[in-house]
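Across the two complexes that follow, subunit A remains constant while its partner is subunit B and subsequently subunit C.
Here is the complex of A and B:
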């Protein structure tokens, strides 16, 4: 479906990239201590600094902002993929059950008493991966991956794992707090270690762009796509694993942050139309920028205290979603 | 019950009794009619007996539930206190069966010498050792109301906050609940005396409070005249959480000669920005360790090498129960904090 001249398309994407870079600088400059844009540039170019502001920048702010941007991009991309595969506009990245698997992994780490760094993130990643394998196996029917069965399996698994987590939480007693803070999405006290884990997601972000055309065709249904020569099974498998892996990485480093994976793809479609090549690119950019800005709000709104970033994303995402539901005739 | 065809001719035709016999009607022979009547009588007698039994049970149960404690109107109450929730509470005589719903309260009860009268404690009550052997009545937020009532307490001690609902429920069931939840050291002293009154151990309670007062006074003397130090009190590391306004920790830090940075972040236990921590640069850094937190190697955390406290080695770890439980052990916590802040003032003493 054409959305205007190629000129319009390029303008939107360029604007989006400018928006991304501006948000990045804004997030790096603002915080408990303000750092001018010029200083930000100096730090970025000059390398690790020794003065307190420089240390704050390199050790605390830069990794945190980078993490927010990466996680935002991961969740938005995963949401876009899943909304396309499932033909369901209400899909968020957590339907695959991967987030519950990650939460269970973290719970086990807390209950067993392992040091939080780096074990919680690694166990979460492991838990998410295992949940994905399970859900994938359940969705396989005679060599054919039934997405809806997989979705149901994911939802069921989420419920089951939540129950298991509740039991463990009751037994853990006082460790309960640790788990609650972990699950509640936050970038607080995250540093370069989490960024290193999140870097695994970067190559994954590029994968769906190679399948943008196939995603467009899949919008018309699997049967039609098969007729048009798309290797539907292969595409489904690759995209599903990518989406789940992106979600697992995001959850393992920052807990469960809602609304970004659900709303950003719709925002992107609102701006550039439904063609996946543009939607994926814009989702990535918008997801990163908006997550970064949400974390900025979480950091400064109640300083010196901090809000959990999930509250900020829900606070802005929910009314936005309602607006989208009302304004568009068809999502 | 054997049913016979009404037609004797069919019988004479030689059908065995095992065959199914289709008849248009059923008639009972004289012998089986008597048997049927007997069965009806037995059935009727059984039902009547059951009704009598059920009625008796109901009567017994009804009598049981009517045995609630009622305040006699004639004699005046001998023990009257106002609890921390502002409610007036009266007891006819010192409590003999005590249930405590929170660890701090348990410690207070044992400290005033009424430990032998404790019949129920929460799952988390682990101090003193004896408390671990007492019947458990559930966790902090959801105590098992049935269990509590089954223990027939004449005094239930509750904290405020999350326990308010449970306390209200117990109140409705006419269980004697007292809320003792001090937020400051002065509050601890007051509540220990109230508790002494409630359990009839006023002398012991007074002696305890006097000795604890002495500890606090000793700390005050040792650090008098010294400059107030900036203190950051870490409750949890990921996210970074601190003790804010209105907490016992804030009171202890103040009495130990410190200024609690966390108070600027709000009440209770708020999250705290790492960036602000580095900028504020406290003189002393104290982290709690215990069931809920494992600080690990604090000095190695990102950007912490900028902190004066880290550079000068003034990073300390304290047991969480000494500063979070508002009971007699808070004085130990106070002493430890003061020793962290001014080690030279406490050299040579225990």
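Here is the complex of A and C:
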């Protein structure tokens, strides 16, 4: 795999954007009702349509596909940030404990029987936010954020909240199916409201791009970054909160979708090298496209039924991660 | 123990660039520095030396504002380093750390560019290249950093620090993992940068490198200043002996001073040995026997003879004749007096000529007194006095070589005479 010259890296980024656009059209075209590429284009430029395919396109498919793309971008970006901050290749967006908090929030919503829209997403956001506050407080000491303590607190909190969720699942009864789908992650029956929630994440996606140099320097360790003049505490806090917020938004609209936030940053680094400006850009693009395609697979693989998208991402992500581990000297 | 050793008071703060004022620092439950004060002038080349755990690296981190002292302050041109934003301080002070790990595939040039962070986005690449060129390692620019050798990496890390364009460069044992060629290459670069006006403060373990390159030295011991001043004054055998607990010997050779070290002589006295030596045959005896706890004297040696230089550096009592002169009556008497006080008198394998023939009289006198008298066998081969040396040496114990003698002396103590 070429990682060397700036020229090849630029080519890879261009290819990634082409891949993104193609994936978008593919996801919009295929499904239980197939729509040709030409019709997709017509619908996109022509606005709302009255024919049945047009209704499916505007009311069901477009919001769902957009949501998948945004969630994929959020998870991949959060994963890139956290892997950089923690210098740990095994880090994914869920280590902060935010996802478990969000999952618990949604689970409570389901068990209590609140209407899914908009309550599940809001409760998930609330749960994720509370989890972040708790973990952050545990990781902080005398103005210094110890990112490893935070990580351990996050992992521990995840375990604890998972246990609570399991208890609720035992009590869930007929809600179990909905719960299971939520926990494994799914874009099923999501609409424009979820897209609107997810749109809050868009500005957050740009934040790490402003800290690309700092993220590069932090790969030499916090100590060295301080020596080189980086305001490490401030950068850490901004990036950590950004990653947690991206994760919380993603989880609140789609549940816990595994492996995208873990594998995509590695894939991006393999292609464009370690510089964060490029890794972040490519992660965002690849995360969006691959999540879209995974959801496509989830929709059509066992049609007319559906798989939770988290199962699809795990099926491709786990072997890919092992491949990356084996083929690369360092991740 | 260390307070009495200050050689020169710190400079007046007026002309100083960097003032370390009464700095005290502790890790939890573990005091490291107490009351460290010194001042560095613009363009100085300062070495910081001292035993392991004496606080050298901690001091460097306090100077770079990375650690906050409990008492005291570090001032840079009169302003406390802790009053600088990190980024502002990085423009003035750069640190080359002891350990540097980066296990990602950045090129050397990209690593150096990171040093430009404190100076903003513009022209980073060009400055990084310039820094590599300054050190003569521009050829490393496109190589992947994790694949560089230790010496090459250290040059790149130095270039990274230079890319900050600092006024003061701090280095924490920058060459301790490098081979001798890379050590010298590294320090020659530092010397060049220093001549260009950069102030250098470098923590070092190798006292000879310190002596060779540093103008001023700060010797730390137990977190305090043991000595501070010009390098050759700080590295006196007395200071080194007090701080490190070893014997140090300062030599000058080919216009350069260098140090050698040996373990402290054992406190117990094993007896007196008098060496009849010269032409470098006695130097090893002097060193080894002193280390073994013997009181060693020597004679008659000529001034500036290798044995005379060694004995003088070690502070041994000696009977010394002027260079190239035959033994005079006066010096002969001195030699006889030293030998008379000895428990054993040794004739090394020094060549015998007319000039030092009288040394043999000393040996005969010892036999006559009943003092053990030893010599290296084969005198006939090194007798250039016309055959007069070999006569009447009965009663002198013969050894095949000097090593056998040393073995015998170091293995068991002499019976008291």
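Keep in mind that, in the parts below, the second predicted complex is superposed on the first by the 318 of 331 C-alpha atoms of A that agree within 3 Å, B and C clash if a C-alpha of one lies under 4 Å from a C-alpha of the other, contacts with A are read in each partner's own complex, and residues count from 1 in each chain.
Here, a residue touches a chain if its C-beta (ideal position, glycine included) is under 8 Å from a C-beta of that chain, and two chains touch if they have at least 3 such contacts.
None of these values were measured; they are calculated from a predicted model.
Contact with neither subunit B nor subunit C is seen for A:14 once the two complexes are overlaid on the shared chain. Within the superposed three-chain model, A:273 lies in touch with subunit C and out of touch with subunit B [touch as defined at top]. By the touch criterion stated above, A:162 is placed in contact with neither subunit B nor subunit C. Applying the stated contact rule after C-alpha superposition, one finds that A:177 touches subunit B and leaves subunit C untouched.
Of the two partner chains, subunit C is the only one touched by A:224; subunit B is not. Set against each other, subunit B and subunit C differ in how many residues of subunit A they touch, and the higher count belongs to B. Once the two complexes are laid over each other on the shared chain, residue contacts for A:213 go to subunit C alone; subunit B is not touched. Per the touch definition, subunit A reaches subunit B in the complex via residues 31-33, 52, 55-56, 59-61, 63, 113, 115-117, 170, 173-175, 177-178, 181-182, 186, 188-189, 191-192, 299, 302-306.
Put simply, subunit B touches subunit A in their complex at residues 123-124, 139, 236-241, 264-266, 270-276, 278-279, 290-294, 296, 302-303, 305-306. Contact residues on subunit C toward subunit A in their complex (touch as defined above): 64, 66, 85-91, 94-95, 97, 100-106, 110, 114-115, 117-118, 146, 160, 164. If you check the complex, the residues on subunit A that touch subunit C are 3, 213-214, 216-217, 219-221, 223-224, 226-232, 269, 273-275, 330.
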